[in-house]
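Note that the chains take the letters A, B, C and D in the order they are written out, and that residue 1 is the start of every chain.
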Amino acid sequence: MVLFPELPFARVANLLSFLFLLMSFLLIIRNSLSAQVRMFAVQSGVLSALAAVVAHFGGSRELFGVAVLFAFIKVIVIPRVLTRAVSKIGIQRAVAPYLGTSVTLGICAGLVVVAFYVMAPVMESNRLPTADGIPLAFAGVLIGFFTTVNRRRALTQILGFLMLENGIFMVALLATYGVPLIVEMGVFLDVLVAVLILEVFVYRIKHNFDSIEVSQMGALRG
Amino acid sequence: MMLLLLLSIPAMASGLISLSRKRRVMEWIHASASVGALIVGGVLAVGIRDGAPVSSWDILRADALSAFMIMIVAFVGAVAGIYAIGYTRLEFDDGHIARVRLFYALFQLFVFTMLLAVTTDNLGVMWVAIEGTTLATVFLVNIHDNHTGLEAAYKYLIISSVGIALAFMGTVLMYYAATAQVGEIGLSWTSLIGIAARLDPKIVKLAFVFILIGYGTKAGLAPMHTWLPDAHSEAPAPISALMSGVLLNVGLYALMRFKAVTDITHAGLFERRAHRDHSAWIGLRWVLGYAWRAVPYGESRAGQIHALFAFRQHPAQVPHHGDSRRAWFDESGAMDRICLSLRNSRSAGFAAIRSVHQRVHHFPRQFCGAFCCLCGDRYRSAHLGFRGNARKRESHVVWASIGGTGVR
Amino acid sequence: MLNSAAMLTLLAASLMLFAGGAAGALVFDRESGRCRRMTHGLALCGTVLVLILGIAGLTGNSFELLLPRILPLAGGLALGLDRLSAFFLLTIAVGVIPSTLFAVGYTRQYRQEQALLGFALNVFVPAMMLVVLSRNVLTFLVFWEAMSLASYFLVMTEKDRDETRSAGWLYMVMTHAGLACLLIGFLAMLQATGSFSMPEWARAAEGVDSGVRSLVFLVMAAGFLSKAGAIPFHVWLPRAHPAAPSHVSAMMSGVMIKLGVYGLIRIGFEWLGPGPGWWGVLIMIVGAVSALLGVLYALIDSDLKCLLAYSSVENIGVILLGVGAGLVFRSYNLGSLAALALMAALYHSLNHTVFKGLLFLSAGSVVHVTGTRITEEMGGLLKRMPHTGAFFLIGSLAISAMPPFNGFISEWLTFQSLLLSFRVPEQFINLVFALCIASLALTAGLAAACFVRAFGITFLALPRGQAVEQAHEADWTMRTSMGLLALACLTLGVAPVLALRVLSGAVNEFLGAAPDLSFDWSNIAAASAFGTIAPLWVAVILALLMLAAWVGLRVYGANFSRRYYETWGCGRAVQTADFEYTAAAFANPFKRVFAFLYRPVEETEIEAHSESRFFVKTITYRHESRSIIEDSIYAPIVATVRRLAAKARTVQSGNVHGYLLYILAALLTLLLFAK
Amino acid sequence: MLAQIGITIAQWLVVVLGAPVLAGVIRKTKARLQGRRGAGIFQPYWDLRKLLVKEVVIAENTSWVFRLTPYVAIGTMLLSAFIVPVLTTAAELQFLGNIILLMYVFLLSTFFLALAGLDAGSSFGGMGSSREMAIAALAEPTVMIAIFAIALRAGSTGLNEMINRAASDPLLLLNPGHLLAFLSFFIVALAETGRLPVDNPSTHLELTMIHEAMILEYSGRYLALIEWASFIKLFLFLTLLGNIFFPWGVAVTLQPGAVAIGVFALVIKLGVLALGLAVLETALAKLRLFRVPELLSGSFMLALLAVISFFFLR
């Protein structure tokens, strides 16, 4: 059953991949926590759409389930959790990241180049129509990673981690149309639990350090 | 079936403990589960050693390497588990029953995830289990809910999660390499190793980079080891023992599984550039690791190694996590050494033997490291209010000396 | 003759005794007295079995044991006994038995540490024994480690003292470094030969590139020499030995450091196959330098046990001269000379075990009753501790290589083997040997001076302190053990044939060449008639002549009345201890002669009465000498490491972002590299 | 067999009884050279006899080591008298040991004398011990290298073989190594026997004496034994010098004629050496203590050159 046979699979996939990357960029230049959470939700939405598209064209029923599950966890549950955290923590004074926006963007652009360079062998060997998006997805991984390095607040760090996770999910999606369902389920569960635990930690950090600036925690040194 | 039984023991124990209310009940369940796992694990391991690998369904499979890991997990788990009962009695009075429950439940969950990681055939499930170990232990690290504990736990969680996510990336790429070659395939190690020779070497290499970084984080290889001294020193002693004695090994175990595949794929390439590249890297890291171990030595020049003695004499003068920290730097070094031997191995088969040999050599150290920790921490608790007399502590020094025999 | 099963039973029985002792230490850790008697008693019994095993091995019994189930992946637990191993077993037993007996009385002072002491002792001794018996890499390393660590804990007995802790720390670091060297060497040989088994290395060594073997030799020699305490790896020794309880010092100095020599002999002659001549030359140079510097530092040290520790460095140097000479001779195919030199080295190592054990134990009794190790505070002890003093005198004579004691025989043998070097057809080597002879001779002279000073200042003349005046004789276990060793000193000196017989068998088996030495009860002849000596007759005739002198005076009718009067003190009315020559003063001529080495720092402060500067109120004299090795080798290393460590600390900055950055950087680097 | 025992005892008696005469000859010669008449050459015997009948005064602080030392001193020297071939190289009692044993036996007596010096607790004794040991120790390498040089030529360290081998070499004195070894051994002999310029045997000024300071507390028969021992030591060293380096006349068989020549040669050689020693002691002043090491290192270099000359000029 193919719903929109007229839409070329590769086109749509690529479009969604670019949207994904765009969301990553948007997320890293926003400073307000709630905006960041929103961006993340949108990005996850894009990703679940992509999953649905791949499921549709790839003819995989399992993958539909994954897309739905993904949408449920990452578009609804996790943003809810994070939003609740943001509101509980209250207004936070803006904390500058280690690097300014322009430098950050420059570095992220560099990371995209790196991603293309690194993923070249995968693209070469991949005959799937979705292959073009793989470097973009990997760029998402690197940008997410970079966010955890660059941002001082615990919540943003968590978001960076989630972006990284999203990127990996997307690599799996584009390169192999997803990993086996049981693994996917386990991964979702783990991520969910991780986020829940992290949320608890954010509260505790707020409680203990009166701020969610991670960089304040420096008592344990070599 | 034995595998299932083995896994279900800690899993059920964890569930039961979280439901129980009475402290004695929890302790009872905890102790019997620890010992039970040891017995079942022992039977299983002996069986495997004398015969073929055991598997149930597609997911669970245990070969000789797994058997070895099972023994380590179950044995250290049992020892640390029994020790934990006394330990928690000292640390938490009956007013903190919720924490005790949490402690025991997570302890069993931790053991479960480690056992799962070493008995599963599915690389994805292995990943899930290893991430599970992080999630299970993170609250244990912060069980006292103080500043430093929180800091250590947060760092542990975020670094491990990020690292382990990269390992997932590697798993995905490995899976991709397999599917690109033979179409649909389970993400199982047995099937992967079967087709390993036909995989695309470039992609496998790329995958292995991610695996190395990812599971390397868990195994405490430098420079991904930064969480290690913090978390191990903040965790309660039995957990520290488990983390050092076993958890790092589990990370390494995962690394070895992938290494076996990579070695086969790169059998032809091995002697050439690819090998040199990552061996150069591991060699560099080895050096770094050693430099790194100099850190605590530099910190107080005559200090750390005598922490055990110092604890007895000058509780106030020693940074209170001195000995555990040193032990962790030692762990890090031991891991580095094993990796070096992995590097040195020329062929895949020899690699397996060599690294297992190293691990055998390492095992008593790990184990004794665990002992050291237990004893060291015992001193800590002794000064926190333990009413032990000097004689009693004396015997601990002796035990610590047994432990000391192994560390290094 | 015992068969192999009987030997294994002996081995197992001794191990069980030690295990029992170790277990006893843990069980009875509350009852100090019982713990002490039980652990030491069991260790003593176990060591007696080791002695039997050693003697059985030396008379030609051997066994091989492979337990593949233990340490399964490295070829199993491999043990074996040949005559060389048996000889070292004998050395171990000879060193350990009196020390343990001594410890029964001596460790009474350590009430709190009984469990630790007993446990570590019962690990230490069997570990040493098993090191000697090990036949593959992993077995060797495991027991080597156990030995090092057990000795570390023994050193740490008086852990309450800062000095002990820093000594233990240094010992640990040096052991670490030595072990690292050994590991590198073992791994390299493992790679080169593909075998875990060391006897197989010996067979495969011919096929290994000689450059690799030389490199392995260098590295492993460094590892073994650091255990043996040869210069420049000796730094731990003069700290750890004084810090340890005396019976432990006796065992470490008498026995443990010999295992470094054992390892060196194994790699030099067996495991690494035949090597070039410069291996031996290197060992000889290390030996000559160790001997000379060791005795020079011993000569000026005022800490009695420290002095003995430095003297161990010296004796290790003498042993190494023999080992090195053996290596050189073998590389020139002078098999019988190599055997002679090795025999001299082995004999000296056995002798050193005996007399150094004796000296440490008697020093231990002195330290035990006076509470000080500083010789400047002692004096006059011979009257208060007549037996201990006599034993110390015998030890001093033996270690100074005075006939008719045992040190003389082995030093004489070493001299003979060095003098015979003219058979080596290489002028450079001849000159090296000439210089080694000179340094050995100087060492011998200085050692005599050193022990004149040690015995004279400690035991003779007047007490210099309160503690010494109340000194009393040691208890019977301590005296018995010292007496045993003193007897051994004399026996090995007048009847060396006992030891030479087994030694020549051992060396013959090990090198496949009979030593160029003929001996019987009355005569020893090296290289047919190159050098001969009749130790038994020397002793007998010397004793008879001394007696004859006394009898002669009687017969002649000399005046045998005697009168006691105070010592002449330049006309002073009262002669007190203040007028005695001090240890520092005794060493002063040497300090001046070897000033370039000691680089002494002297300070003199004179405080005069206000009336006139000629009426002196007080004089303070401070002197200090510095170790050239520590200053020029270790200090820079330590400084560098410390600086690097301080830099490395910044890596563990406490900042989680930084940590994540490391991972990101590692990932990116690796990705770009692996491309 | 009987001849063996006879000649051995005869040699021994020559050493033991002849030693004081030698000292007397040196003293007499020195006195003459200095323009004094001096005591007769048998004076040392009368001195010894006088000491033997005197009462012994012992310092209160001393222990049994002090009382044992004179016997060790005389015992070691009496033993050495058995080892050194004086008249003949055909006597078998030299089986006791080689020249290395001899040197160690000398060191043994020094060892005990130094202990005795410390035992009385006076500063002088300690000072003497310290200096004596320093000189003994520093002389040791020279001794050994000189022995090495001789042994290289003789192919043996046995005293008989050394002398036999040297006697069989007609061009002995044209050998640079031989002469160098002689010089270095001569200097060592001066140091070991406490002669000028290292030590002054006739001084009794506390700060300059070495050997005499060490035995300052001795009196009576103890002093007699020690004095006698030092006479023997001097005699033995001069005999060694004479017989090893100028081996002519030493009997290689036990025929009475050869032995008679041996006696005659010994008297001549000792006479020449004694004269040389006396001239030297008259001409030289005592060196400052801390110049002695320079002298000894000089002699060490000579010995080393002797060894080198063997290896490079053969």
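Note that in this section a contact is a pair of C-beta atoms (placed from the backbone, for glycine too) under 8 Å apart; a residue touches a chain by one contact, two chains touch by 3 or more.
Note that the structure is predicted; figures quoted are calculated from it, not measured.
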Most remote chain, CA-based centroid, reference being chain C: A
Closest chain to the centre of mass proxy, which here is the mean CA position: C
Centroid distance [mean C-alpha coordinates] between chain C and chain A, Å: 66
Distance between the centres, which are taken as Cα means, of chain D and chain B, whole angstrom: 77
Averaged-CA centre spacing for the pair chain B and chain A, given as whole angstrom: 28
Centroid spacing, where centroids are CA-atom means, of chain B and chain C in whole angstrom: 42
Junction residues of chain A, two or more chains touched: 118, 145, 148, 157, 214, 217-220, 222
Shared-contact residues (touching 2 or more other chains) in chain B: 154-155, 158, 162, 206, 229, 295, 299
Residues within chain C bordering two or more other chains: 648-649, 651-652, 656, 660, 663, 667, 671
Interchain contacts, given as pairs of chains that touch: A-B, A-C, B-C, C-D
Touch list for chain A against partner chain C, complex: 98, 114, 117-118, 142, 145-146, 148-150, 152, 157, 214-215, 217-222
Residues of chain C touching chain B in the complex: 25-26, 29-30, 71-74, 112-113, 115-116, 119-120, 123, 138, 145-146, 149-150, 152-153, 156, 159-160, 165-166, 168-169, 172, 176, 179, 187, 191, 641-642, 644-646, 648-649, 651-652, 656, 658-660, 662-663, 665-667, 669-671, 673-674
Contact footprint of chain A on chain B as seen in their complex: 59, 122, 124-125, 127-128, 131-132, 134-135, 138-139, 142, 145, 147-148, 150-155, 157-158, 161-162, 165, 168-169, 171-173, 175-176, 179-180, 186-187, 200, 202-203, 206, 229-230, 233-234, 295-296, 299
Of chain D, residues touching chain C in the complex: 52-65, 71-72, 74-76, 78-79, 82, 95-98, 100-101, 104-105, 107-108, 110-111, 114-115, 117-127, 129-131, 133-134, 136-141, 143-145, 147-148, 151-152, 155-158, 161, 206, 216-217, 220-221, 224-225, 289-290, 293, 300, 304, 307-308, 310-312
Chain A-facing residues of chain C, complex: 648-657, 660-661, 663-664, 667-668, 671-672, 675
